[in-house]
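Chains here go by letter, A, B, C and D, matching the order in which they are written, and residues are numbered from 1 within each.
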Amino acid sequence: MIRFESDYLEGAHPQILNRLEETNFDQTAGYGNDPFCDSAREKIRGLCGGADVDVHFLVGGTQANFTVISAILRSYQGVLAAVTGHINVHETGAVEATGHKVLPLPSEDGKITAEQVQHAYDVHWNDADHEHIVQPGMVYISQPTENGTLYSRKELLALHDTCERLGIPLFLDGARLGYGLMAEPNTLTLADIAELTDVFYIGGTKVGALFGEAVVISNPVLKKDFRYLIKQHGGMLAKGRLLGIQFDTLFAGGLYFEISKHADRLAIRLREAFVKKGYGLRFDSYTNQQFPILPNSHIERLRKKYSFAFWEAVDDTHSAVRFCTSWATREESVDELIRDIEEL
Amino acid sequence: MIRFESDYLEGAHPQILNRLEETNFDQTAGYGNDPFCDSAREKIRGLCGGADVDVHFLVGGTQANFTVISAILRSYQGVLAAVTGHINVHETGAVEATGHKVLPLPSEDGKITAEQVQHAYDVHWNDADHEHIVQPGMVYISQPTENGTLYSRKELLALHDTCERLGIPLFLDGARLGYGLMAEPNTLTLADIAELTDVFYIGGTKVGALFGEAVVISNPVLKKDFRYLIKQHGGMLAKGRLLGIQFDTLFAGGLYFEISKHADRLAIRLREAFVKKGYGLRFDSYTNQQFPILPNSHIERLRKKYSFAFWEAVDDTHSAVRFCTSWATREESVDELIRDIEEL
Amino acid sequence: MIRFESDYLEGAHPQILNRLEETNFDQTAGYGNDPFCDSAREKIRGLCGGADVDVHFLVGGTQANFTVISAILRSYQGVLAAVTGHINVHETGAVEATGHKVLPLPSEDGKITAEQVQHAYDVHWNDADHEHIVQPGMVYISQPTENGTLYSRKELLALHDTCERLGIPLFLDGARLGYGLMAEPNTLTLADIAELTDVFYIGGTKVGALFGEAVVISNPVLKKDFRYLIKQHGGMLAKGRLLGIQFDTLFAGGLYFEISKHADRLAIRLREAFVKKGYGLRFDSYTNQQFPILPNSHIERLRKKYSFAFWEAVDDTHSAVRFCTSWATREESVDELIRDIEEL
Amino acid sequence: MIRFESDYLEGAHPQILNRLEETNFDQTAGYGNDPFCDSAREKIRGLCGGADVDVHFLVGGTQANFTVISAILRSYQGVLAAVTGHINVHETGAVEATGHKVLPLPSEDGKITAEQVQHAYDVHWNDADHEHIVQPGMVYISQPTENGTLYSRKELLALHDTCERLGIPLFLDGARLGYGLMAEPNTLTLADIAELTDVFYIGGTKVGALFGEAVVISNPVLKKDFRYLIKQHGGMLAKGRLLGIQFDTLFAGGLYFEISKHADRLAIRLREAFVKKGYGLRFDSYTNQQFPILPNSHIERLRKKYSFAFWEAVDDTHSAVRFCTSWATREESVDELIRDIEEL
């Protein structure tokens, strides 16, 4: 079985394992107060254009999401997000468990617009009974989205400007950020993202690390006491250096970008093979997730040799499925899959 | 200004005030452990067909809702409700503040069906990743709904059977229950509701009391330690007898039903006046809330003399509005409004 | 049975019932946006020396406590309180249910000192691992305390100065505030309290009202969006005017102070009778709660005719008990009890 | 600087790193549904005497604690724990953040007794107002305790019997369990612990792993839906196999026990050196944490070369400090420290 079902099928990039081994018996302080974390922070700050950002390393994405969101919101506020947003559908209500409603906005492709944010804000504040309604307190977006799509610089700028004007922070979930940054049509740099959001995170789990997400906070108000929040929410690793070592390795010499590019290139090869074969694409993705629409019979045939995710039924005889590539996907696996697609 | 904007514009039925005055200097134990509460409980049990139900008196509807819901659900479970349900839109995220997601089901008229519940359940449990998704843990319905519509006995029975089969409790919000019970097309008794739900409440605030809702629990599992929950959520009145006295008065000699019928009758008079005038009705309500669709210019004219609630724009020149009657609405006010409708 | 077990044994002062009756059919907007609430707010502002305070009316004390506390604290912060504080022992964990730890300080008489606050603050911030420990985020005190004792102006000023210097808000629970204000040794006015706390409340439930507490917010930061918090926590009464009418009556013509003084005077009569008889006092209270230490055999004899609360065993043969007077206690009841004390 | 300040100063046992490297490019399903986790579960079940336990792997100890505790308790219940328990002092209120009060019991050495549990239970249920008080809903103990002390088989049996009789689950925090199991005076096996608790966990973070704790559930009621809770609380690692691989390695061929024994042996060498030198011991620990009481001047001298933790001032000139050994502590470091102790 060759697996394309997710982008967390393997361990970590070998350079990371090597670095863990080299440093294994170094003795360091715990909880992220070690030289490896400091070094990784410095590199990330550099990539963010030298911005005065705080960088924290958390274990996983769900944790990063609910820790950031509960840090921002007051109890009666909710978070605006695409109805398809990860926090709304695949985190077992972790945000609600911190007391906050996810305020879903309709979305066809996983993205939301500045206009939608403005509209939600207006609807709330124009309601005479707004004190009876959850107040929009922040905006959550994913880059790339859960559907592989991307915000352009212009779109992110519009969201930023609207959020700033309305006084509600903008949070960008970058669980797959590398795959977004290296996508062919991408127009955003890490420095742009640091500038245009209040807080975002750089995903490690799905991009070469064993685990870990680097939360980057630009907004000074959000920086205060953030480490208390990490600890309280179970996100503070005793051996915090494990996260520092991983991110320090990923951001030394451009490894993070290189392995992301690898995954995107393979994904585009798959995309092109599907298109060439005449299949439609459920979402217009140039990142590491591809969502072709296949006849159900072809899906059955591919399943004999490949694992991939069912996404949704499109009609009685066709379904959208998801193929993921990653930093670890082998060229030969893609070659083989493309041959099999051609022969369907 | 004659007010039709809500059903909580006045104080309480005079019999309640008289009873409060008569008993004012009686000394009783606090927190609902007094003879007035016991007497009211007995009356309610009798109206529920003598069922072995626990009855608790809470101060208000939002409190009743989040106390009951948080009593039922485990932390990873959510509550299925119509997207228009009061808990989803008008309680400032009180349910989420207790840690639970409201799982909204589409609804045109405020009602949901047994089929929708079954479908939501199936979608959840058929998802391979269901542990990443909030588990449907109970069902919330309102009778009458926020749109004035009613579940028939057949519909409630179908919901009950489905919930029972799936092992998820059914909770009925009866903030306006009296107006539902006395509506002309109603097919449900209090005894039916006690039998077909796991827990429900009988609204007092909107039906003749100063304030207060009587929560009725049929399901033995939910009875355990419920008083702790009331206290913890701020719903336990020190002078609990105030609630007992009110419900004891409302359920002595049928007062609750009589005053509900009064409101429904006046609402139907309004309904007929709107229909006769050629206006459409946004919802097909036979209860105390009426939702005519009026030309915006006519709305402006009526606003000079009457207060009522804007509901939603229907097209560029028409809007749905809401007129409420209540136990306290005067016949003359309705007469006057009808005359003015006829002259529009 | 003559009852002295609590100060919420009866209904409300007759003037309140009269006012409810007079206004019963007035139509008003809901949720505290009515002229009665506005009038009561004006009176309370006046009594607070004309300070620019926000005034909100909540249903009960537990609700007032957890609504205020959760409004102030960030998630990783806790509230410093006497170990005997109501929030620490008698609210079924309502504060914890909003996510916050009560940080108990030792107390012999129910009071805490500015030094204790400073010490707790220092211990926290001097700990190298303070991010692993709940951060002291506010101070909660009761006036009078749960033991009937009183903070002097000097003591409250010291707490205020310390809290202000440390940047942590000071909250005063005034569930029995009237009985404190009118106590013979009291040195604080409402205006003082408004000046020296960030937020406090004036208890109605135990001082003449049917129910209700008036939360008074001085600190501008805490004012923002407070109505959302009331609604979310189930504290916003639909017929909010009921609270406005009650407080407007209590603060018209000094009724609140007059009835409080009545209770204090009767309590001191009891205190003197106990002392004259040679009994010790568990707490040195000059307010409406008295805590004599009686031989257990005498307790048994009094129980045949009077109800009062067991407080704690003092030794094998003596116990402290609590007798409460209130606005409603009759002089004759106290006369009778004193005669029976003398004859023990 | 030679560091003895904690037991999480280094990475992981080399066998674990080797195993991570060997398996790095294996493709597996995520979230703990992989053969490595299954194999580790099987080994743990075997060590638990073949008991029918559920085994889940979580990232860290704070997470394990609040996930288990919030899984057990209903909202109005609290957890009985030693006042020194980790959940009460060093988790930034993580338990309170899930809505529950920690109910602290006095403790001199970190342990609590069956009698204390019984007493707390009796005090609660004998209080006429128990519905106003947090209900004791479970018991939390640590083995070894935060002070290095151990429950004997007899003591744990007494706790078990009391908890079972009272119907409140018993949870054992085994963050340092290996060091307890291999301590010379220990009388408990893993199988005993599985039998005598409802749920416990086997610490990896402090005993040879990079990170990770294995939660073992015996009580059938607690097994239901536990994976939802892990996910919701951010404890479900995408690459769950990383945890499986680590525990599978630790429990293959007795590695976990062997490295624990190593740490305990070195700790006893330190203990004996301190005692021989005439220092007192703050706690009578036979596990990897030692708490000698030293003159402050000697502490200053040792600090020049060694890092260790300040525990508490004992008098004006003496303090208790903590030295930790671990699986990774080198014999030479201990030799050197002992020489320096002798020369103090």
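Everything below uses one rule, namely that a residue touches a chain if its C-beta (ideal position, glycine included) is under 8 Å from a C-beta of that chain, and two chains touch if they have at least 3 such contacts.
Remember, it's a predicted structure, so these values are computed and weren't measured experimentally.
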Given subunit B and subunit C, the chains that contact each of them: A, D
A-B compared against A-D, more contacting pairs: A-D
Chain at maximum distance from subunit D, centres defined as averaged CA atoms: B
Subunit C onto subunit D, rotation angle from CA fit, given as a multiple of 5 degrees: 180
Rounded Å distance, subunit A centre to subunit B centre (Cα mean): 42
Averaged-CA centre spacing for the pair subunit C and subunit A, given as whole angstrom: 50
Cα-centroid distance, subunit A relative to subunit D, in whole angstrom: 34
Shared-contact residues (touching 2 or more other chains) in subunit D: 75-76, 91-93, 97-99, 131-132, 228, 231-232, 236
List of subunit B residues in touch with subunit C within their complex: 1, 3, 5-6, 8-12, 14, 17, 20-21, 23-30, 59-63, 66-67, 91-94, 97-98, 205-206, 210-211, 228, 231-239, 242, 328
Touch list for subunit B against partner subunit D, complex: 31, 70-71, 74-76, 98-99, 131-132, 135, 225, 227-229, 231-232, 236
Touching residues on subunit B, where the partner in the complex is subunit A: 75-76, 78, 89-93, 96-102, 129, 131-134
